[in-house]
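When the chains are written out, they are named A, B, C and D in that same order, and each has its own residue count from 1.
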Amino acid sequence: MSGDLTTTRPLDTLELMINMGPQHPSTHGVFRMVVWVDGERIVNMEPYIGYLHRGSEKLSEGELYNQVITLFDRLDYVSNFNNELTFCMAIEKLMGVQVPERAQYIRVIMCELNRIASHLLFYGTFGLDVGAMTPIMYGFRDRERIQSIFEAVSGARLMHNYFRVGGLRQDVPSDFRERMERLLPQLEQGVEECDQLLSYNEVFLARTRSIGVLTKEEAIAYGASGPVLRASGVPEDVRVSEPYSVYDRFDFNVPVGKKGDCWDRYYVRVEEMRESLKIIRQVLAQLPDGPIMAAGVRRIIRPPRGEVYVRTENPRGDFGVFLVSDGTDKPYRVKIRPPSFLNLQAMQAMMRNAYVADVVVILGSVDIVLGEVDR
Amino acid sequence: MLNSLKGLGVTLKTMLRKPVTAQYPKEHLPVNRRYMGFPALTWDFQVQEPYCVGCMVCIRNCPTQCMTATLKDNPLHKEGKSTRRKIVDIFEVNLGRCILCEICVEVCNFDAIVMSHEHELSKYERNGNRVDLQALLEMGKQYQEDTGWEPEQAAAPKEGVQA
Amino acid sequence: MSLAATVLVPLLGLLALFTFLSAVVLSLVWIERKFLGRIQMRLGPMRVGPFGLLQPVADAVKLVTKEDVMPFGANRALFWVAPLAMFIPAFMVWVTIPFARDWVIRNLELGLFYVVAVSVLSIVGLVMAGWSSANKYAVLGALRAAAGLISYEIPVVMVALAVAMLAGSLNLVEIVERQAPIYAVVAPLGALLLLFSGLAETGRTPFDIYHAESEVAGGPYIEYSGAHWAVFYLAEYVSTFALGVLISLLFLGGWRGPWLPPVLWLLIKAYAVILVIFWMRGTFPRLRIDQLMSLGWKVLVPLSFANILIAGVQLYYRWPWWALTLMSVALIVAVSFEVYRRVVLAGGKPEVELVPARELRRKVPVREEFKTTKVSSEGQQG
Amino acid sequence: MAEQPPRPHRREEAPTAGPALDERGTALMALLADRLATFQPQTAAVLDEVVVTVPRERLVEVLELLKGDEQLDFNYLRCLSVVDYKTYFEVVYHLWSLAKRHKAVVKVRVPYEDAKTPSVIPVYRGADWYEREGHDLFGLMFEGHPNLKPLLLYEGFDGYPGRKSFPFHEYNEW
């Protein structure tokens, strides 16, 4: 026997560079990660974005304010109402427009429904990421019901263009309340079913617990927000910490994770769906009558010269709009603060000791929407 | 292991339920009343002419610049049959470019444009879904028939054409 | 006469077998799609033929007429040979598998041994495919497949050994004949072990790591298309069916059953097992490679040894058969509990805290914020 | 007949003024002016936010102070925006305190000719991609940034499309 065979010299292995995306099945859009792996273990990961860069911020500078709302629909294309709300609120704040109560309440219903729809989509795709193929169908079943309500209210299933500066485009249809009353028990049951199918499955727990841990300090330093931040143990919710619209009138819980791992990020969202349902019930109970459009908003909006920053709680986190107006009918500068952008940035910190399979799970648990990341 | 068995139970339970999907081309789910399909022009059945006078408000307000229009003198006005002095001559929409935002409907002062329920418009050519006035009016008539559409602003005093 | 007996009859048998297996694969594809569809509240294939019955045929025609693409830089010879190298072992297994007492091409005395030994050969094809594709995902997938299949072969062998001990034979026909009551009742642990390790060997959820489409995007098959991909697919389904039949033979009493003809009984049992496999596919997420390895080496291998041990104890002391059942069940419960403790309760109970918004709103008093005295940071930072 | 969606009725009326600083905001403004006295900031109230403009050379110091101060405790960078005012850039930092729940805006002005500003990554790790984006779209150099590669545009893109002067109509990519 030669001595070479018995020495304990470490094997000379090469690091393999894998290009995950932009056409990988589980990158949630056109997103590319370059992953260096040693066997199955991740050594380094570098995200590349920009494949979906449409220049929404720059485009907004050439559009009328009402037209910009259509652009905001297309940022985070699974939580459109929330985006619209943020932009409308920015202009309303700048102009000092008081939105009528009824409009505010309907806005809250729509936003919360959209939050559930978005989280259901997350639930499905996260299931796919960990290798279960049924959750997406369950998620889509209930999302479909919500979208049918959206269609009845706004006329579109995805790109609603429903909120206006000062209110809404039109009132909800007359059978809205009955439809909601039919929808809510279905949704409650659907969420329970989703929860039972996946949340505590042993294989699922093994795949997501203690994977991709983002500590509290890191989450804050990276500017993570929304479920990612809350899963790391920071009870920060814009609806509570800086209440906008009429959110301060409702009673709900803010789910907060304990470890900041993938399971926490997943389950925070499941709980948020339940809380959103709670909010919707309260809103429906309180929904007042009245106008849906503020008086005094012209067709062509010319906010006064100035600048404003408004943030709201999107399904993905803290969505902000920084709007600079020069007094004309077009915005001078619109800066969008997309929550996924920063959550995605924090992903590098979650990659410690991860395996190739975990990259996919971690990316899924961050729940990015590339339309918003790249803008 | 119990939770996994619970998951198996959930899938088994749903298996025994009715499927929620519909067989699409055979079976169309009904669209809601407000459904925003592609824009269409409405037809004034009383005077037998389009409501549209070609004032270009919608065109100037369109976020994607997907429409063009020109107007002409209305021959029916000369005959005294119509109150519209001008009438649309050419109206073209590139439906492939339209983003279904309903801004055109909102800004229209004459109830001339509606979001029809038309949404299946696949064509073999890239420019195949440019539609002209005739096709738009057809779509509009179909929509008016299907939904019993009635003008709502026609009775109200007209605001000045403003962009 | 002798020539006909030694060559022609087995050849005809093989041909019949091939046709039969192809039909089985087509039926499995249809059943899988329909069954998964129903689990997911869909209809499954509906267009081609009544209830989409001809869908697998349409798929097959499509695959055969599809262009075969070989990536630039691939090793040509290995790339084209790999599908066959995977399919042939999967097919060879069937030479000795009996469908009824006399319905077998060659009833080998070492039948069980042969089945176990040959079935694992398909790994060669997978590794060849992965390596020759000149694709990093394919290499990763092939390595995963190699690791997984080799580790899970041990529990399969050990379970087969325990069954052979109970039956006193390696002949599959005799194993079936000697089951009284069926071994699934006598040795439930063995049945579960065979099911799980068989799933891992055939690459089915929750152990489908080597072609995990969300991670390695198809693994060794990533570069294959058309007929070559179809051969892989065929091999995979043939292996799955073999697993179903093997479990029925070893643990469910094979072709034995009242009223119906024996072949039908075997098929019913095999399809039932396969439905369970599809059901699991519709429910479970996928394990990670290291978890698969530790499950294999730390749980299934020791358990399979324990299975042999309890079978030996039962045989040595000539205890009645239910003694083995009790021991098996006790082991299953103990291991399940241990898995629960390790996986579910690891690092605390899995739960999130619900903080009432009312409480959060109260946390920062509005007026006292900017006093000159030091503000206690009892916010979130605590 | 199917129900007709009502249209919003719009009448012209002068808009009222936007929200103003509340009590806390005023207190915060005074506190900020006090703490940042050595940096000679320009403090102003814009709507309900306190805006502090500081010289860009001392930006990192200011942010460190704001983050480290016991009472201010601005530990969360909400948003970093670059605004092109044709003769100068304004880099706007929206800060937020997670514990104290108050907000402030820090601004620096960067002249066009000398488009450089210090990177704030040492203070706020999350500024990384914001700054890359700012460099990408506005051509602003964030000095000290470890990895100022293009983020949204591709490598080798010519020009800065975020700037007002970018010739969009004359620009032909292909």
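Simple rule for what comes next: a residue touches a chain if its C-beta (ideal position, glycine included) is under 8 Å from a C-beta of that chain, and two chains touch if they have at least 3 such contacts.
If you're wondering where the values come from, they're calculated on a predicted model, not measured in any experiment.
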What chain is most central when centres are computed from CA atoms? A
Selected pair, greater C-beta contact count between A-B and A-D: A-D
CA centre of subunit C versus CA centre of subunit D: separation in Å? 56
State, to the nearest whole Å, the distance from the C-alpha centre of subunit A to the C-alpha centre of subunit D. 22
Rounded to the nearest Å, the gap between Cα centres of subunit B and subunit D is 41
Measuring from the mean C-alpha position of subunit A to the mean C-alpha position of subunit B, what distance in angstrom results? 30
Multi-chain touching residues of subunit B, meaning two or more other chains, are 1, 3-4, 7, 10-11, 14, 20, 33-34, 106
Would you pick out the residues of subunit D that each touch at least 2 other chains? 3, 5, 7, 98, 101
So which stretches of subunit A touch two or more other chains? 134, 138, 141, 169-170, 173, 197-198, 200-203, 234, 236, 241, 299
What residues of subunit C sit close enough to touch subunit A in their complex? 36, 39-42, 136-137, 139-140, 144, 205-206, 208-209, 212-217, 281-291, 339-340, 343-344, 346-348, 350-358, 360-361, 380
Touching residues of subunit C toward subunit B in the complex: what are they? 35, 37-43, 46, 279-280, 282-284, 336, 339-340, 344
Which residues, counting only subunit B, touch subunit C once they are in their complex? 1-4, 7-8, 10-12, 14-15, 17-21, 23
State the interface residues of subunit A toward subunit D in the complex, per the touch definition above. 49-50, 53, 55, 57-58, 93-98, 164, 167-171, 173-174, 218, 220-224, 234, 236, 241-242, 292-293, 295-299, 303-304, 306-309, 311, 318, 320, 322, 324, 332-333, 335, 337, 341-342, 345-346, 374-375
Can you name the residues of subunit D that touch subunit A in the complex? 3, 5-19, 46-47, 49, 75-79, 81-84, 92, 94, 98, 101, 103, 105, 124-129, 137, 150-154, 161-162, 168
